[in-house]
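There are two complexes below, and they share chain A, which is joined by chain B in the first and by chain C in the second.
What follows is the complex of A and B.
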């Protein structure tokens, strides 16, 4: 390994490990303390904290800057970024929050962090043109047999309380009087064109997407949705998902 | 598909026709795709980061903070303190122990 690369690795280790030992060989006095290293450590920490605040804006807003900054700095030490680009940094933050005792009184916070992170990664997901409604103008049997391809930016999940509504409300510019409902809800996050959109998903809608995600045909998926909630209006459900732009392709197969 | 369709033929038939009805509904409802906004990597809209370069890549701002010496003693001051939950209003105080 070239000398420069070895030094850079050692320097990074000295910053991460908070000791000059890794770079002792390059120092005139190997026992010397180097208080200047704190400047580098702090700059790295600030970069991580700023990226987390940008990637997880709703969490930052809910807990306030001071709390978020301190928590993010602890997280960044426990779980430093694995790539130089920090666009998607914070994937591990929801799980970290779950195990972080000071967040214990905000049980919805990890789910909020997860939705923030999926919102951010949807922004940078690969481009794909969503299917227009015309693409579904097929004979009923052919439509039912077709297997949908889901948009690469699509994320969806089911929660055992109303955190999705709370998250959406907290992202509004004038968020006030927020409330966490005990009713289970799902969330849908997708970027069909240039802007990320998110909305609450009901049980049938979530069942449909989960089935489609597992490779079901449209017919199988809509039946799964009907079974999840027999009272749901299936035509409206499907029309809404088309309008959301969650479908990027349709495999018609030949058995239709 | 056939397995669950055999299980509940009436439901399955209705569901399959709902697909066609839904597709027709979507055709009526959907406006022509409009370009909502340019995806932009240089200009960050508040709360919707598009760009991560800049702050943090220099010493700017670092002189006022020390991220290394943070003993945990923070009280949350964001909007979480007013959120009504099934278990009452949220609060976030340092652990007593």
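What follows is the complex of A and C.
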């Protein structure tokens, strides 16, 4: 193996093992540990922790700096970045938190991390012009047969408790007295233009988006929403989703 | 256009950057922070680019790894260079990616002739993909590695000869490395080929919080006076070059950074000390 490659293997080992022993062949004869290795290690750890704090800000806020820094540094050791674009670092953090024993005291934390992650993903998602209400001014049959394309920044999910409300409240500037409701809720995250918006989604709204995501026509998605919650006002639900900017296109069913 | 001074662009300063009216002001960003499909960050950069020249200063290409540059990273860099038409693209004489892991730092290596061959190849590959030459920056060093076959200045000079690349001289890195490894910063700067130098960086450093005698290239403080002195000495020798104030941590108000930028600008546009 070329010396440069051998050095890089050795340096990576020195960083992981926190000792200059693996690179001793490239250092002056001396028994003492050199402080320089720790400088590189600290810079790397800070780079990872800062990126995770930027990408998962609500988690960082809920657990405090000290807890977050310690957890993020451990995560970075288990799951280091694979790309220099650190704005895309942290996708594995929610699942990692689920298996991180100290997070057990905050059972909603992985879900909070997931919502943070999807918020960050939405921020950097591809551009697409959301459809305005006029785009849906079609004859009833044509509208029911049309298949909506969902905005590329859209994320939504259903939770078996009120974590979405807690997450939204925790993102407010002066959040305190956060409470976790036992009521199941959904969340919708989307960036139709410049800003990411997020809101609680009810059962019917979630059912509509899940159906549309799976390729349903508007008519099919509306029926699915009505089945999920027969009391829901379907016109209001649909208008709200249009206002959210979740639709970026409409494939008009060619029934001819 | 005669060389002027610029400022590292931070997201919290987008509005100030758009409103700034300083003559000759330009901005520099890390392309890695804009390697996204879309979003407001790219749009803001676009708006600023409409008013100001831009420099792309990469931190993630890992030119000094014993591996080809990552094609996906190069493609993303090229897309940004094509879109934003920077007046300069630069990278570091360092490595960060190795066997699928990206270490967000600029790591050292033994400067052997074999390493020179590899890195010259990586620079040429990068320049071929981008369709332009790049500048390569001297790193901050913290370990007294042995096994070097070339001095860093000779290594950099040889890279410019072989690839046509230019040099980005980070005067603070020279100061920090000279202090940490025990050599003379003045002699290092004097050994660099003037014609190859296309940009200069100025930043702040600090003491090692770990308690060692090392200086750390933190980019978290104002440019230190000894670094300003070295800078004046350098531009007295080589003439003015586009000069950047870099600040990446403990970021103060835009005006505070502009005051440092204006100081560099004043030195660039004064009458040259040499005839």
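The criterion applied here is as follows: the second predicted complex is superposed on the first by the 221 of 256 C-alpha atoms of A that agree within 3 Å, B and C clash if a C-alpha of one lies under 4 Å from a C-alpha of the other, contacts with A are read in each partner's own complex, and residues count from 1 in each chain.
Just so it is clear, a residue touches a chain if its C-beta (ideal position, glycine included) is under 8 Å from a C-beta of that chain, and two chains touch if they have at least 3 such contacts.
Here the structure is a predicted model, which is why all the values come from computation and not from measurement.
Peer 1: Could you say whether A:51 touches chain B, chain C, both of them, or neither, answering first, second, both or neither?
Peer 2: Touch partners of A:51: chain B and chain C.
Peer 1: Figure out whether A:86 sits in contact with chain B (first) or chain C (second), or with both, or with neither.
Peer 2: both
Peer 1: Could you look at A:34 and tell me whether it touches chain B, chain C, both or neither (first, second, both, neither)?
Peer 2: second
Peer 1: Mind working out whether A:42 is in touch with chain B, chain C, both or neither, as first, second, both or neither?
Peer 2: After superposing on A, A:42 lies in contact with both chain B and chain C.
Peer 1: Touching A:217, do we find chain B (first), chain C (second), both, or neither?
Peer 2: Only chain B; A:217 stays clear of chain C.
Peer 1: For A:194, decide between first (touching chain B), second (touching chain C), both and neither.
Peer 2: both
Peer 1: Mind working out whether A:123 is in touch with chain B, chain C, both or neither, as first, second, both or neither?
Peer 2: both
Peer 1: For the three-chain arrangement built by superposition, which of chain B and chain C touches the greater number of chain A residues?
Peer 2: B
Peer 1: Both chain B and chain C contact which residues of chain A?
Peer 2: 38-39, 42-43, 47-48, 51, 85-87, 123, 194-195
Peer 1: Which of the residues in chain A end up touching chain C in this complex?
Peer 2: Listed in rising order, the residues of chain A that touch chain C are 2-5, 7-9, 11-12, 15, 20, 23, 25-28, 34-40, 42-44, 47-48, 51, 80-88, 123-127, 152, 191, 194-195.
Peer 1: Residues of chain C touching chain A in their complex?
Peer 2: Touch residues, chain C against chain A: 32-33, 35-41, 43, 59-62, 64-67, 72-73, 76, 95-105, 107-110, 112, 114-115, 118, 141-147, 180, 208, 210-214, 216.
Peer 1: What does chain A use to touch chain B in their complex?
Peer 2: 38-39, 41-43, 45-51, 54-55, 57, 60-71, 73-74, 76, 85-87, 101-103, 105-106, 108-109, 120, 123, 130, 132-134, 136-138, 140-141, 143-145, 161, 166, 170-171, 175-182, 193-196, 216-220, 222-227, 230, 234-239, 242-243
Peer 1: What residues of chain B sit close enough to touch chain A in their complex?
Peer 2: Those residues of chain B that touch chain A are 1, 4-5, 8, 11-12, 14-27, 29-30, 33, 35-39, 44, 47-50, 52, 55-59, 61-62, 65-68, 70, 72, 74-80, 82-86, 90-95.
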